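Got some structures for you, see below.
Below are two complexes that have chain A in common, paired first with chain B and then with chain C.
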Partner chain A sequence: MPAMTKKSIALIALIIGAMVIPFIIQNEYWLHILTLSFIWSIAVYGLNILAGYTGYLSLAHAGFFAIGAYALGLLTVKVGLNYWVALILACIITSGIGFLIGLIALRTREHFFAIYTLCVGYVIYLVIDKWDSLTGGVRGLIGIPAPSNIGPISFQSATSQYYLILFFLLATVLVMYRIVHSLTGRTFIAIRNSEELAQTIGISTMKNKLTVFVLSTFFAGLAGALYASFIRFIGPDIGYTAIIFDLLTYLLVGGIGTLAGPVVGTILIVSVSQSLQFLQDYRMLIFGPMLTLIIIFYPRGIVGMVSEWKMKWFNKKKKTPAEKWKSTYSDSKDVREDKVKEG
Partner chain B sequence: MDILTQQLFNGLTIGSVYSLVALGLTLVYGILHIPNFAHGALYMLGAYVTLTSMLLWNFNYWLAIAISIVVVGLLGVLMERLVFNPLKNAPPIHDKIAAIGILLFLEALAQLVWGADYRTMSTPYGEVVNVFGTTLTMQRVLINVGAIVVMILLYLFLKKTFMGSTIIAMAQNRKGAHLVGINTNKVAMLTFLISGGLAAIAASLSAPINLVFPGMGHLVILKAFVIIILGGMGSVPGAILGGYILGFTESLGATYISNDYKDVIAFVLLIIILSFKPKGLFSKEGF
Partner chain C sequence: MLKLAGLSVDYGSFTAIKNVDIEVNEGELVVLLGANGAGKSTVFKAISGIEKWSDGDILFNGSSIKKKSPDRIVKAGIVQCAEGRELFDRMTVYENLIMGAYVHRRKKAEVKKSLGHVYELFPILEEKKESAAGSLSGGQQQMLAIGRSLMSRPKLLLLDEPSIGLAPLIVEQMFDVIQKINEEGTTVLLAEQNANAALKIADRGYVFESGSIVVKGSSNELLTNDSVRKAYIGA
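== the complex of A and B ==
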């Protein structure tokens, strides 16, 4: 399988590239931006496995992100726990809350689910904002410690933080890869394509949906906790609905339901919006229509677009089965699954 | 007792506004099965257009509202043509995301054109009247009367005119409507026109007692979603009833429970309802 080896070479090159970036970019500001976009990517991966592969658009993810961040912040600042213990606990707390909410939320479907989770997200935001005695309300939480040392390794410098976050990102991608290419991942896609059909062939949809939901809140919580220790300050704003719209933009631009999409979209949009600093509040003038246009013309984002081109090019070279491919391709969207794997 | 009547009246006023917004939302949902997240942006633009035509061209309040209805209605039609129509056969998740994109764009646009400041809208009906011992401002009375008139007109339009019947027909069965010769594209555009118009009326009527700012649609649209789930997605009477229920609950809750958490009431209400009835309180065939 020459294609496979080519692919793994490309992947290894990418990882090595990511490893040496701190040596190439001496500018600490850009390293900071890159680290930040890695953190967002982890949250977007969480959203992707739910919205992209299972077809449930959860608008509560900013809320879970905030829960993770606040759990870490409160456990380290107010309880005084060790950072790593707090990080694990933050993920467990977020997934626990995700489990309870998912238990109820997943009874609803499609639009109801989107609206339900939107309201859940808003309630989480309001609770954080108003529960002054616990969360500090609008003043936020300051003095969150950076990751504590593991043996001789310290995480005080920007470079070491970069590597730490990169490690978590790679771990996330690996987990996603394993899930998507397993039977479980296939099950999720089956649920997205038709829940009734999935049920008919004996898939316990509720169990699977709940697994996905908890998984996706876990990654949202992990990203939130990493964010809290990276920025060192959190306010209720990180739970606001605007954040979920940002995450959605990253996911959509990169490619919803693709493996590479979240990281591509996040890095691209975060760095573009950093270069467009002067736009500040008006960046949505560009990103809003972009979101709409992408969903109309390229529902699978940049990654989907690239694999579509690759497919066409590949077909032209082979010539004979081109017609056949085209017809199956335009017939049903589900065929795209096969291409998504490549992405 | 005095506070109670005052609060009941307040609840009625808030409920009227909610009902109007929810009506627009429920009409669109009934026809196209799109949860139009951009509806809140239409509401916000409605207030701004009215405000601008009053300040800039010194138009009379009523004329300004009329302009606002037309402008926002046409914007709704444009949205249907450019965005929702091309997405007709796409999976439902795409409509939602497209609507969110429009919402973000319109809000940023409003902020660019009018700035982020909170504005107040003056009204020619500022006087205070006394009815049975309760003090009411004219504007609040106007909101109630206006909302009821609009609802009656909408009801008559839907039930008594041919065009109205085509909307109902399409809500009941899109393919069936198409089969009997209804131009479904036209009906969809008409629905968006009405929906935008309703949002503009609601915003223009309520703006004098609230503030006008780019994010003013956020809470209203979320609550409108709560209402149409409460009343059944796509149901017209459900939207009206749900609007008033939420209005009363909120104003009473703010007085007797907690003013800080009054905005949470709606969402907690929704979470409870959907926990027990995942498809809303009533089924959607409620026209």
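== the complex of A and C ==
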């Protein structure tokens, strides 16, 4: 069976699996946790396209998540707009602010970019926290409506919200897949590899970096808006800088710069974290060393680890009997000498 | 075609290039000779728009490129093949080549034609088109780096030390191809330490030392110049 077909079948099986989960899991709490994981996954996909594929680690991502959430909250609660119009506007507002911040932030690079965006994220949090008359300050924003009905389809129950957010997650993954496998995606990867080299082949690095930054904020805004309508209450804490480190942990554990990494990491960490609630803050004693080990041994996370194992297994299978004999019986010195000769 | 007039490049308080004048006419193959750190790569970076210069000017077809960004310089027709065979290692040979045609990405027929031309120059690249660039040998990587530069169909090709770290036989093949590229109509500015091989195919040359031009002349003049022979040819 060709590899692509195998991949497609696995993907379809996963989607079907995700669709039947509400019938298998009768516990509404776990459905709630899974839905939340999907929302965070969308935000992590936004972070991944920027940090993983383009090499720019934005620490303002939680801030953009909060902007999306508050934009939806304010547009529905205070302005009284229809949910779907507010959702679209929330994404546009977040991307617009992302565009303006990106124009300045992308003049910096590497750790300066990370530090700058960390400050931006904190400023966003402060604005939300202190602008009492608009955001409700520490009291937060209550009474955010659930998604309004689309014809006969209602989104009031936990199951229907699960399916709605699953739909947005699948759409996000599809968009990411299309980007990563296009010339645009390769352009982002080229910038990550070497900005100077990218420039010498005619890539306008600023234009592309700004595009990916805006794209990243769009998904953060979308996730934030979905979060607001799912939880129905938001406080300034959702924009706090600690949230970005949670998102980053999901991404690093799942696999930065991989397509499946964000969803794998988020679901795993969120569910493990929920199962270890009884340990309270001591949970970090498990997550800390786990994260360190993953970064040291598998910098591309669980997904990178699996593909590395698969590659090794495939190469082992591909070896001819002569090669197998050579690798088993010849000592390392001979192999090194052969390599020198070949070189 | 290309004129560097009194060009100076500073790195902070250190002057890397001092008052350099270079002229390259259309269709020529001109070589910049010099040891490591002489300033050849800095000149290339300045021409490509990656390094800003402090004094002088660079004119391409009569107009200054000072305010042009690196991508606009590539669009104008100046393409640099950087030193050290810089490739996108995880991408395939084919993907690397397609990336080279970035400025013509909307002209699919032209990209296909350029790809055919590169495969004709370097048949091994067609054989290995599905291989990861990082898995190629040194010579093949250099071929890919040059091939990728050709994908944008440059008017002026800047080649920064294409022979570095390659076996003598591969170097010979590489210079044959560079000569062929020039004969097909692409103007070439070549930075090299391998003076003997480079001067054999070049029309003219400049010798760099500590950021300044110390000798210039036709290839024959440089090949017979005693100081050039002593310093770079070892005779």
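Observations on the structure shown:
The criterion applied here is as follows: the second predicted complex is superposed on the first by the 318 of 343 C-alpha atoms of A that agree within 3 Å, B and C clash if a C-alpha of one lies under 4 Å from a C-alpha of the other, contacts with A are read in each partner's own complex, and residues count from 1 in each chain.
Convention: a contact is a pair of C-beta atoms (placed from the backbone, for glycine too) under 8 Å apart; a residue touches a chain by one contact, two chains touch by 3 or more.
Computed from a predicted structure; not experimentally measured.
In the superposed model, A:Gly55 lies in contact with chain B only, and not with chain C. Judged by the touch definition given at the top, the superposed model places A:Ile189 against chain C, while chain B stays out of reach. Contact with chain C, but none with chain B, is seen for A:Ile201 once the two complexes are overlaid on the shared chain. Touched residues of chain A, counted separately for chain B and chain C, are more numerous for B.
Those residues of chain B lying in contact with chain A across their complex are 29, 33, 35, 83, 86-87, 90-94, 96-98, 100-109, 111-112, 116, 218, 222, 225-226, 229, 233, 260-261, 263-264, 267-268, 270-271, 274-275, 278-280. By the touch criterion stated above, chain A contacts chain C in their complex at residues 183, 186-187, 189-190, 193-194, 196-197, 199-206, 343. The residues of chain C lying in touch with chain A in their complex are 48-50, 69-71, 74-75, 79-80, 82, 86, 88-91, 95, 98-100, 102-103, 105, 137-138, 148-149, 152.
Partner chain B is touched in their complex by these residues of chain A: 51, 55, 57, 104-105, 107-112, 114-116, 118-120, 122-123, 126, 130, 241, 245, 248, 252, 281-285, 287-293, 295-296, 299, 333.
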